[in-house]
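As C-alpha cells, here come the structures.
There are two complexes below, and they share subunit A, which is joined by subunit B in the first and by subunit C in the second.
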Partner chain A sequence: MLRFAAKQLFNMGFTLLAVSLLVFMLNEWTPGDVVSKILGPYANADQVEKVTREMGLDRPAIVRYFEYMGRALTGDLGQSIVYRAPVASILWDRLGNTLLLAAVSFAVIVPLSVVLGVLAGSREGSFTDRAVSVFSSITASIPEFAMGVFLIAIFVVGLGILPGTSPLRSDTGWPIWSQFVMPVLVVTLYDAGYLISMIRTSMVEVMRQPYIRTATLKGMSFGQVVRGHAVRNALIAPFTVILLQLNYLVSGLVVVETVFAYPGFGRMMLEAALAKDIAIIEAGTLVAVVVTMLTQLFGDLGYMALDPRIRV
Partner chain B sequence: MAETGDRVREWPMPDGATAPTTTAMLTLDGLGVEANGRRGSSRILQDVSFDIAPGEAFGLVGESGCGKSTVALAVMRYLGRGLSLTNGRILFEGRDVAAMATAELRALRGNRIAMVYQDPMSSLNPVMTIGRQLIEVPLLHGETDAAKARARAIAMLGEVRLPDATAMMERYPHQLSGGQQQRVVIAMALMAEPKLLIMDEPTTGLDVTIEAAILDLVTELRAKFGTAILFISHNLGTVARLCDRIGVLYAGRLVETGSIRDVFKAPAHPYTRGLLAALPEHKAPVAGGGHRRLSPIDGTLKAADRARTGCAFAPRCGHVEPVACETRPIALTAVMGDGAHMARCSRLAVVAAAKPSARTSMPAAAANRGQVLLALDKLSKRYDLTGRFGFTSGASIYALSDASMAARAGETLAIVGESGSGKSTLAKVVSGLIPATSGSATLRRAAPHSSAPGGRLREAESPGATEDTGALHTSAPGGRLPTGESPGAMQEEIGTVGVDQRSPDTRRRIQMVFQNPDSTLNPSHSIEFALTRPLRQQRGLSRADAKAEVLKLMERVRLPADLLRRKPHQLSGGQRQRVAVARALAGQPDLIIADEPVSALDVSVQAAIVNLLGELLETGDLALVLISHDLGLVRHMADWVAVMYLGRIVEYGPASQVFAAPFHPYTEALLEAAPKPDPDASAPAIVLKGNMPSPTERLAGCGFASRCPKKIEGVCEREMPPVRQFGAHTIACHRELSGGATTSV
Partner chain C sequence: MTEVLPRLETRDADADVGGTRDPWLAVGLRVLTASPIGTIGGVILLFWAIVALFAPWLTAYPPNRIDYLLIADPYPSRAHWLGVDNLGRDMWSRIAHGARTVLTVAPIAVLTAAILGSILGLLAGYRGGWIDALITRIGDTMLAFPKIILYLIIIAKFGASAFNIIAVIGLTSAPIIARIVRAVTLDVKNRDYVAAARMRGESAAYIMLVEILPNVRGPLIVDFFLRLGYTTIAIGVLGFLGVGLPPPDPDWGGMVKETYGLLFVYPHMTLIPCLAISTLVIGFNFLATGLKEAGQDG
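Moving on, here comes the complex of A and B:
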C-alpha cells in the first residue's frame, strides 16, 4: 500500500516535469514573442533587443526553463501581462474561487446523482425510473450557456430573487452566498444528468445479478437488498466517471464562469490564452495537471476501497 | 386410473432423518405458470403436482427450458418479471405460499426454505466478506446478538468442511475456489436450519471430484439436520446418487414421477426411457472408439409443443397414436397399478412392451486406422510471470510438463483431468494459439489410402501402429517415416510454432470444436457463410464448388439444407454444435480437437453429437482429440486415454486398459467420483480432499501427493514417480502396482 502511494507520487512528479517542459517549449516555439506583446506593434528593433536582454530572453531556452522551475518552486511564477501582477497572486485567488464553486457543486451533484440513479435503476421500467430518465436526458442535453440564460430568465429577470452575476463582491447588493446559487444550479443540472444515467445503468445491471436474488431469498426486504447489497456494487463502474467530474469542475467551467462573470480559474485561462499571457498559461496548465493527477490517485484509492477484487 | 389424491404414502427415508409423517412438507398441486410478454402469453409450467415429505430428497430433472428452475423459484414466490402463477397451489407446511403477506414470506425465505444456486461465484456478493454474508441470515431471522450470529457462522463453515473457518470469515468470494464458494453458499443456506433446501444445479460447472465431495457433504448434512431437499439437475447421475424420488419435467409438465429405483430400472414414459437410453453405458466393456451408437431422442422441443392439448412429447415420440395422445389432456397414470410410480402417458402398456432399440455397433475397418497423425514428445509450456517494468519476476506457471502422447487416424485420444490439469493448454499448443516452451509436437500426414503413389508404403508400416506404446519419439524405432519421400512433406514440427507462423495448409489440417457453439459462431453470419468461408479460404474452392461442398457437409452432419440461410440464434444448441462440427470438417482436417464438445448440450442432444463424431472417425482419415471431464463420454468414445494432473500425464494407455486395474490413484478417484445414472451404484469410496496445488511451484515429487489417498510418506512428495509400464499402458506412480515393470523416469 505504502509502495503503491510512493510509486504514484513518483509518477506524478515525473509527469509534472514532462508536462511543464512540454508547455514551456510549446510557448517558446509558437509565433509572436512576449517582448513585442509588451511593447506593442510600433516598437523599434533597438527597444525590442533592449527589453529582450533585460528579461534574459536571449539565453538558451533550456537554461530559462530550469530558471523558471527553480523560481516556481519558491512560489514565484512570473509576471502576468494581462493582469499586470504576479501570476501567483492571481492564480491562487482564482483557483480558490473555482475550488469553492467546484466543491459546492460536487457536494450537490454526487449525492443527487447517486440517489436518483439508484432510485431509478433499482426498479427498472417503473414510473420513477422513467421520470428520472426523462429528467436526466433533458438536463444533460441542454448546453450550459443555454441553461444559464434560461435560468437567468426565470430566477433573475422573472422572479428577481437571485443575482444575475456572481463577481463575488459584496458591493453588488447581494450576499456572497446568493451569488453561488445560479452557477451551482447550472453546473449541477448540466452535469448531474449525465452522472444519473451512468449510475442508473450500472444499478440496473447490478439488480440483475444472481447475488441480488440470493439476498432477496435470504428474506431481505427490497430496501435492505438495495442498501445492503446493490448500491456499493453499482458505484464501482461509475466511480471513475464521478471523479472525472472534478477535472471538469476545476478547469472546464469556462462557460459558466463567463456567463455569470465569476472570477474563476477557467475564465482566467481563457483570457490568458486570448491575450497570449504565457506566464499564466504555463502556471495554469501545471495546476490543471496536478488536479487531474490527484483525482486519478483518489480514483485508484477509492476503487480499492469499493472493490476488494482490486488490490495492489 | 389412479389420480393424485390424499393417499397415504410411505416415504423412503434416509438413515438418521426424522420420522416419516403423513403430511407433506411441500405440496405442489396443479401448478401452472404463464409468461406474459408483448406477443401474448405462453405456458411455462402446466399441472405440476408433487409433494416432498420432511427429510425427503426429491430430484427434479429435465432439459434446459423445461421449467425446472421456475418450479424452484415459484416455491420461493420469486417469479421473474412477466411470469405469473395462474393455476394451482403451493403449500409449504400446509400454508399457501401465494397467499402469504410480504412479511410472512420474508420470514419464510432463507429461514424455513433456503436455496443453493448454480454458479456460486455470481451468487455471492463480490464486495462483501463471506462472514458478513453469512451473519446476515440469522440477524434477519430473529437473532439480535451479533456475536452469537458470528459464532454460528464460524460453526457452520466448519460443518461444510472449510478449512480455517475463522480466517474464512474475513475473505471475499473471489479469493475462494469454485468448490469452496459452493460450500459457502451451502453454509449460508443452512445457517437457519431450514426445513426445505432447494438446490438448483448445485454442482454444474464444478469438477467431478469437487462434485462428489459436495454431494457427499449434502448427504451428510441432510442426515444430520433432517432437511428435505428439492434437487434440480439435468444430470441423472447426481440425482440417482442423492435423491429418494424423482420427477421428470418435459415442456413444463411432469411426465413421470416415482422412486429413483422404479424410474431408473423401469422407466415408463417414452421421454424418460429416451433420456436414459441416450446416456453412454457406464458398465459396458470398454470397446473404445465410439463405434457403438447411442440412441438420441429424435427432434427437439419446439415452443409450440408447450401449448399442445395432448402430450407435449408426441412429436418426438416413437409410440405416438394420434387419437390417444393428441386429442385430450393426459393425466398422470399409475404405472402397473403402483400409485407411487406415475407417468403422463396414455399408451403405457404399448411403451412398456416395446423393446428399447438395440444399440447398433459399427465395425471400424478403415484403412488408415491406427496411423499416428500427431505425436507429442515431452511437450511443455511454461509461462514466465512478468513483474513491473517487464522484467521476469522469477516466478513461472508450469501449465504443461513433459506431455507425450499420440493421436491416431480413425481413433479418439481422450484427455481427462480436473480444471487446471493442463488439458486446455495442451489443446492450445497443438492448435498453435500458444507455442510450447520445449518439446515437440509432430504433425504427420496419413499415408494415402487410395491408389495414389506411396499407397504401398502403408502396408509395410502399419503393423507397428497399433502396438505403438506410450511416449512416442519421432526417432523411435518403427517410426513410420516413409523413406524416399521428403520428410518435410510427411511430417512437420508444430509444437513451438504459433498459428500465425504456420502454413495455411497446416492450419487447415488442425481444426477445433469448442464447448459452447453459441459463442464460437459469429451471430451475424449465416450458416452458409460460416461454412463457405473455410472452403474458399482453406481449400481454395470456386464459388460453385464451395456451394456444392456446403451441401455435402450439411448432409454429413445430418442437417437439413434449408438451415443454410439461418443465423446461429435461429438454431437449437444441438444444431449449432453440428454446424461447428461441419465448419471444422470443411477444411478436410487430419486432426480435430474437440474441447468439451457436448457438455453445454442437453442429454438427448449430446448423444446425437457423440454419434456424429463417432461416424466421422469411421472414414479413418481423421484423428480426434477429445478433451472432456465426462468420464462416461470418454469411456464411450476413447481409444486412448491420457489422464492429466497439474500439467503432467499421470496415466496413459489404450482406453480398455486405463479403465481397468491397475489404476493411478488419481484415475481411480476420478472414476469413483463420476456420477453414475444407476440407483445401485455405490457411493464413491474415495473422495479427494483439498485443491490442486498452485502450478507456480516446481514440485520435487509427485504433483498428486498432496491429495493422494495412497501416498507413501516421505517418498511421494520428495521424488518424481517412476513411469511404470504395462504393455502400452503407463502409470507414473511410486506405488508398486501389480504386474508393472518399472522403467526409468
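Moving on, here comes the complex of A and C:
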C-alpha cells in the first residue's frame, strides 16, 4: 500500500508538471495579451514594447517557465492583474471560502444520499424506489443556474425568507449562516441525485447476493438484514464516487458561486479567465489539479482499506 | 459537473451470432412501451425536436428583433405568448430558435466525442502495449483537469464560437468514451469470432470496426443520451457564465444571464429559459433511463 501511494504520488508530480507546462504554453500563444490588458486599448507600440521588456516577456518562454516554477515552489505565485494584489493572498482566501461551502455541502449530501439510496435500493421496484429514482433523476437534470433561479424565485422573491446573494458580509442585513442555505441547497439537489443513484444501484446488487438470502432465511428481520449485512457492503463501491464529489465541490462550484455572488475559488477563476489574468489562471489550475489528484489518491487508498479483496 | 460512467452491460456477443439482431425500430418501440420513464423522455424530446425543426414557422417574430416599446408591458400576452425580454424581443421566438442552437451543437459535440473516443478506445484495447499506455495516460491527464476550468481557459483564450464549444466538449468527453470502449474491447478481443476473423486474414481495422465495435453499441447508446444531457447543461452553463455562443443569437444560458438581475421585477424572462433547458435535459436523462431498463429486460 505504501509502494502504491508512493507510485501514485510520483505519477501525480509528473502529471502536475505536464499540466503546468500545458497551461503555460496555452497562455504563451498570444503574448501580447497581458501587456495590452494592463495598458488598455489606447497604448501605442512603443509603450507596449517597453512594458513587455520591463516585465521580461521578451525572453524565451522556456526560461520564464522555469523561473515561474521556481518562484511558485517558494510560494510566490506572481501578481494578479484583475485584483491588483499578489495571487497567493487572493487564491488562499478564495479557496478557503470555497472549502467552507464544499464542506457544508458535503456534510449534507453524503448522509442524505446514503439514506435515500439505501431506502430505494433495499426494495427494488417498490414505490419508494420509483419515487426516489425519479426525484433524483429530475434534480440531477436541472442545471445549477436554473435550480438557483427556481429556488430564488420561491424562497427569495416569493416568500422572502432567505437572502438571494451570499457575499459573506454581515452588512447585507442577513446573518452569515443564512447566506449558506441557498448555495448549499442548490449544490445538494444537483449533486445528490447522482450519488443517490450510484448508492441505489450498488444496494440493489448487494440485495441479490446469496448471503442476503441466507440471512433472511435464517430468520433475521428485513431491517436487521439491511442494517447488519447489506449497507456496509453496498457502500464499498460508491466510496470512491463519494470522495470524487469533493473534486466537483472544489472546482465545479463556479456556477453556484456566480449565481449567489459567493466570493469563492470558482468565481475567481471565471473572473480571471474573462480578464485573461494569466497569473491567477495558472496558479488556480495547478491548485485545482492537485485537489483532483489528491482526492483520487485518497479514494483509491480508502477503497483498498475498505475492501481487503482489492490488492494493487 | 459530475460524470456518470455507465455500467458496462455487454450483451453476450456470441448469442448474436446466427441469431437475429434486433432491428433499431423494434428496440425503439420496445423502449417507448416498456418503460414509462422512457416514454415521458421520448415525448419531451419529440416536443423540443419539433420546436427546433420548425422554429421559423412556429414563431411570428424574428428572434433578434428589438422593440423597445414592448418593454412597458413585457408580460405574456396574446401577441407574445411568453412575453418579451429586457430588449423587447419575443421570448417564444428566442426559446424556439434557442432550441435549434442547442439541438444542433449538443449532438454534433457528442458525436465528435463518440467517434474520437471509439477510435482511441478500440486502438488502446485491441493493440495494447505502448499505444494503450499512451492513450490511457493522456486520457487520465485530461480527466484530472477540472472540466469547467478547462472550458473557461480554452474558451476565454480562443473565443466563444459554436465550433470552439464543440471542439472543447468533444475533446474533453472523448477520454471517458474511450475508457468504456477500451473495457469492452479488452473483454471481447479474445472471443472465438475475433480469432476466426484473424484467421480469415481480415485487417486490424476491419476486425476493430466490424467485429468488435458492434459490442459497444449497448453501453454507448445509453452513454450517448446521458452525454447529450450533460452537454446541454454544459452549453447552458457556458452561456450563463458569459462565455457561450456569442450574442445576439438566442442561447438559453445566455438568456438567463442577461435577465437574471431582473428576476424580482420580470421573473418570466429568466424562468422560461430555465424551464426550457431543464425539461430538455430531463428528456435526455429519462430516455437514457428507459433505454437502460429496456436493455436489462431484453
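Here are some notes:
Please note the rule applied: the second predicted complex is superposed on the first by the 307 of 312 C-alpha atoms of A that agree within 3 Å, B and C clash if a C-alpha of one lies under 4 Å from a C-alpha of the other, contacts with A are read in each partner's own complex, and residues count from 1 in each chain.
The rule we apply is simple: a residue touches a chain if its C-beta (ideal position, glycine included) is under 8 Å from a C-beta of that chain, and two chains touch if they have at least 3 such contacts.
All figures in this text were calculated on a predicted structure; none of them were measured in a lab.
Of the two partner chains placed around the shared chain by superposition, neither subunit B nor subunit C is touched by A:F10. Annotation for subunit A, partner touching more residues between subunit B and subunit C: C.
Residue contacts after overlaying the shared chain place A:S221 against subunit B, while subunit C stays out of touching range. In the superposition on chain A, A:V289 makes contact with subunit C only, while subunit B stays out of contact range. When the two structures are aligned on the shared chain, A:G252 is found in touch with subunit C, with no touch to subunit B.
Once chain A of one complex is fitted onto chain A of the other, the partner contacts of A:R309 are limited to subunit B, with no touch recorded for subunit C. Within the superposed three-chain model, A:R213 lies in touch with subunit B and out of touch with subunit C [touch as defined at top]. By the document's definition of touching, of the two partners only subunit B reaches A:I236; subunit C does not.
When the two complexes are overlaid on their common chain A, residue A:F298 makes contact with neither subunit B nor subunit C.
Within the complex, the subunit B residues that touch subunit A are 76, 78, 102, 106-111, 114-115, 117, 119, 122-129, 136-137, 140-141, 172, 174, 185, 188.
Considering their complex, residues 15, 18-19, 23, 26-27, 29-30, 133-134, 137-138, 140-146, 149-150, 152-153, 157, 164, 191, 194, 197, 201, 244-245, 247-248, 250-252, 254-255, 258-259, 266, 269-270, 273-274, 276, 281, 284-285, 288-289, 292-293, 296 of subunit A touch subunit C. Residues of subunit A that touch subunit B in their complex: 209-211, 213-221, 224, 228-229, 232-233, 236, 306-309.
Within the complex, the subunit C residues that touch subunit A are 1-2, 4, 7, 37, 140-141, 144-149, 152-157, 229, 233, 236-237, 240-243, 253, 256, 260, 263-264, 267, 270-271, 274-275, 277-278, 281-282, 284-286, 289.
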